[in-house]
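As structure tokens, here come the structures.
Each of the two complexes below includes chain A, the first together with chain B, the second together with chain C.
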Partner chain A sequence: MMKVMSGNEAVALAVKLARVGVVGIYPITPQTTIIEELAEMRARGELSADIVRVESEHSAMAVTLGAAVSGVRSFTATSSQGLLYMHEMVWWTSGSRAPLVMVVATRAVGAPWNIWNENTDFMSERDSGWIMAFASTPQEALDLTLQAFRISEDPRVFLPVMVGMDGFILSHTKTNVFIPSQEDVDNFIPPRRQPYVIDPETKESMGNIFPPIYYMKLRQSIHEAITNSEEVIKEVGREYNKISPLGDYGTLNVSYKLDDADYAVVTMGAWSLDAMEAVDKLRENGLNVGLYRVRYIRPWSEKEIRENLGDKRAILVVDRATSLGRGGPLYLELKSTLNIPIKGVVTGLGGVSVGKRDFYSLISRFVEEARYSEVGGVEWYYPGEVKEVELGTPRTAH
Partner chain B sequence: MTMRMMGMALGNNVALIVVAGCSSVIQGMGPKNSYGYPALNIAFAAGPAAASGMWRAFKQRNKDVTVVVWAGDGGTADIGFASLSGAAERNENFIYVCVDNEAYMNSGGQRSGSTPHGAVTPTTPEGKKENKKELLFLMLDHHVPYAATASVGYPHDLMDKLRRAKTIEGFRYLQVLTPDPYGWLFDPSRTAEVGKLAVQTCYWPLLEVVNGRVQVSNESLHCLRKETRRPLRDFLSVQGRYKRLNDQDYKELESYVDYTWDRILKLMRT
Partner chain C sequence: MESSLEIRFHGRGGQGVVTAANVLAEAASLENMFSSAFPIYGAERRGAEIESYCRISRTQIRETSPIEEPDVVVILDPTLLKISNPLRGLRKDGKVVINWKGASPSVGFKTYTVDATGIALELKLVKSGWPLVNIVMLGALVKATGVPSLESLKMAIGQEFSGNLGELNKRAVELSFERTFEVEQIVA
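Moving on to the complex of A and B:
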């Protein structure tokens, strides 16, 4: 069935289709309409999940974890400050090897206050031991959320999964979305599996102190589970393609016109579609460029990335996130994967609007540079009129 | 001690949530523990929220399990208070046990919101200037169906209260005074005695509040009248943490006890 819906509505529907048992909810823009939609579904009697309206995001993750380790499929969603506020529990959840799913509608991080889109909140959790996927359309938000439950509960993984999507740009923009049937989803997601269940009958405990050597082994087991999840994700993706006619989930990441390209641009999320249009236009004008869209930050598929980008003359990585003092996180990841010239661009922070014209000019300028010189480093790109950024705060700069 | 009494009072169908504290350590190394209950060990501020998820999970699985959060006074009065308050306001269905030894004993006895006026701790070497936070009264203001206090000095009273709490549905709060020989500075063999002195001198009231109805426990009935209270000095003088106490501090603590009982009497009248 096709329906016009926003990214947030698509996620709420995925949660319902996955037959989640407990949802911990706390409002924060731009994620809020996910939980409002879930509460309305519950009020209409369409959702069997128990909804816990907690007093903070720290508690939202704790509720979701408490339900997960006690044997029930659970879900939560957040953004920005909320994700940072629950940071401690994000780590506790992966350390507990608790399968569960969280959606992050991305938003800039304060100070100063900013409610608009940026991916730094999501990217800042990349060391936390979660599987992390990032959507580029409301369709993908629905698809990745459904797949997340199955990946998370696969015995080869047994880790929480975080699905990100651009705040407002995806969370609040409506497009046509294909919805798989309840029956197909029921067949796609098997009954819940998890490594252990808190239960008076088995008396198993978790989270106790362990001797250092076991602690380190546990950490390594999470590391291995993340790297090994690559095969699981592809397998789950191929299964999902069977129930969704538009599905393209046989690979972790997505290539666009890369095969014969000399140069490539690498992006993540919604603006990849703008970048694709820019690539089309540049090709019409004779520039041999392609695009690579990162869909999974964790696992980071070195294999796919080397296969798709390893033979390029140079690549341009555009981040909507920062690792302050070091550029963009995607840029850093690619630098550590490929041994070819890589230039980074940080742009679009805090809702700065970047469109296909900007991609066109960024890519064409990059190819021009790369033809005649060794490219590298990180550029902070402002569309339009900004020519100079003052050091110090705008208030004290003269 | 309190843990052993809980085992006797609550039976087998129990799942524990243990927040950061001594009890995270004394249960022994994973993956099993020495409590005889399944336990989810969790970060300091997360206990009440995790319990909110856990009891609902058992409900969804049609299992009759009593969920118990086990936390210290630091986890209750300070870092975990928002989570506790949220769960109490939502009337979540579990028992919350605050093991109150009046300081952050697991990290060496630093002052908490539940440390009394005048007590010397590593972070209040000159004696704490403020009064103990009124956790029981705060819980009552959340309209919880059950709230009570107990002392390890009176194990039967403690177990009675746990048994009663088990029969009630909704949020149940039990605060147990557990004198700590290393933080309060007395000989470990006198733990139960100090727990009794706290009650006899009316410093620690034993109460039970069921659906808003206040019942003073037998051991504390003499405290209702000021004349029949045992002098507070008998409780303070056996502990090294009050060694810096001057006359004014002593008066402050006495008026704290008076204030507490005035408030209890007022609650009994309403």
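Moving on to the complex of A and C:
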């Protein structure tokens, strides 16, 4: 069935279709309408899950984790400051090898206050031991959320999964979404099974102190579960393709017109589609370029990336996030994967709007540079009228 | 309609500017077209200027950025013409659909006027003292562009609003469709 819905509505529907048992909720823009929709579904009697209202995101994840280790499929969602406030419990969850799913509708981090889109909140969790996927459309937000439950609960993985999507640009844009049937989803996601359940009646416990060597071994087991999850994700993706006619989930990441391209642009999230428009236009004008969209930041598929980008003359990596002082996280990851010239661009922070014309200009300028010189480094790009940026320290007198 | 149509809505917080774009997107999707609808979000305040966007296309929509060169501008509150520039970027052959009573304003584009406030008051489509003109304006938009059909629009209204509110809004778009005037503008 097709329906016009926002990214947040699509995620809430996926959570319902996955027959989740517990949802820990605490509101924060732009994620809030996910949990509002779930609460309304519960009120209408369409959802049997327990909706647990808490006083903070830290507790939202604690409740979701508690439900997960007691054997219940559980979910939560957050953004920005909420994710940062939850940070400690994010690590407790992966360290506990607890399968659960969280959606992050991305948003810039304060100070100063800013409610608009940026991916730095999501990207700042990339060392925390979660599987991390990022959507580019409301459709993909629904699809990845459904797949996340199955990947998370696969015995070869047993890790939490974080699904990111651009705040407002995906969370609040209404567009056509294909909804798989409940029967298909039931067959796709089997009932939850886990090797242990925390219950007052049993002797199992968790969160005890681990001596050094055991602690390190646990950390290595998480590392290996993440790298090995690549095959599980592709397997789950192929299964999902059978229930969604629009699906293209046989690979972790997505190529667009890359085969014969000399140069490539690498992106993540919603603006990848604007970049595709630019790639088409550049090709019409004789520039041989393609696009590579990163869908999974963890696992980081070195194999797929080398196969798709290893033979390019140079690549341009556009980040909507920063590791301040170092450039964009995607840029840094690609630098550590490929031995080809790579230029980084940081843009779109705090809701700065970047469209197809900006991608056209960025890519065409990059190809000109790359033809005649060795490209590298990181550029901060401002679209439109901004030609010069004055960077003062706020507290110094002018 | 050619392959695609880009529509920008201008109004004030509380007028239902966002909902208008959403209902339009739903109506287009009922005719198996692709559509996307979204607003500019900020610190929303009742009465503040609000923009929302709707793209309709026969092929997949890949643009996610705000509409800067619309085919159609829909203006829910005509006072916005004086305090801001809702016509910015409108294509040369673009259309203006405006909530307007009396002699048509001279804006330099092909213009469609409808007294949406009058229709809303007539049908008692009023909330917290404000006439609800958002859906009324969609009837005029359909008259101006032919996209989507009035039938699809009414179906989408039925999906968005239940009960009496749905029926009133369906009646409202019938009236606004009938009472929309086309004005050929002389470019100043």
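We take it that the second predicted complex is superposed on the first by the 386 of 398 C-alpha atoms of A that agree within 3 Å, B and C clash if a C-alpha of one lies under 4 Å from a C-alpha of the other, contacts with A are read in each partner's own complex, and residues count from 1 in each chain.
Simple rule for what comes next: a residue touches a chain if its C-beta (ideal position, glycine included) is under 8 Å from a C-beta of that chain, and two chains touch if they have at least 3 such contacts.
The shown structure was predicted, so the numbers you read here are calculated from the model rather than taken from an experiment.
Colleague: Is A:G355 contacted by the first partner chain B, the second partner chain C, both or neither?
Modeller: second
Colleague: Report for A:G7: first if it touches chain B alone, second if chain C alone, otherwise both or neither.
Modeller: neither
Colleague: Which partner does A:P329 reach: the first (chain B), the second (chain C), both, or neither?
Modeller: So A:P329 meets neither chain B nor chain C here.
Colleague: Is A:W271 contacted by the first partner chain B, the second partner chain C, both or neither?
Modeller: The second partner, chain C, only.
Colleague: Contacts for A:S56 in the overlay, against chain B (first) and chain C (second): which applies, first, second, both or neither?
Modeller: first
Colleague: Touch check for A:T175: first (chain B), second (chain C), both, or neither?
Modeller: A:T175 contacts chain C only, not chain B.
Colleague: Looking at the overlay, what does A:P299 touch: chain B (first), chain C (second), both, or neither?
Modeller: In the superposed model, A:P299 contacts neither chain B nor chain C.
Colleague: Determine, for the superposed model, which of the two partners chain B and chain C contacts more residues of chain A.
Modeller: B
Colleague: Go through chain A and flag every residue that touches chain B in one model and chain C in the other.
Modeller: none
Colleague: Could you please specify the touching residues of chain B with respect to chain A in the complex?
Modeller: For chain B paired with chain A, touching residues are 12-15, 17, 24-25, 27-33, 35-43, 45-54, 56-61, 63, 65, 82-83, 85-86, 89-90.
Colleague: Could you pull out which chain A residues touch chain C in their complex?
Modeller: 2-4, 30, 115-116, 166, 168-169, 172-176, 270-271, 273-274, 276-277, 353-356
Colleague: Any idea which chain A residues touch chain B in the complex?
Modeller: It is residues 21-22, 24, 50, 52-56, 58-72, 74, 88-89, 92, 198-200, 202-211, 214 of chain A that touch chain B.
Colleague: Going by the contact rule at the top, pick out the chain C residues touching chain A in the complex.
Modeller: On the chain C side, the touching residues are 21-22, 25-26, 29, 34-39, 41-42, 61-66, 68.
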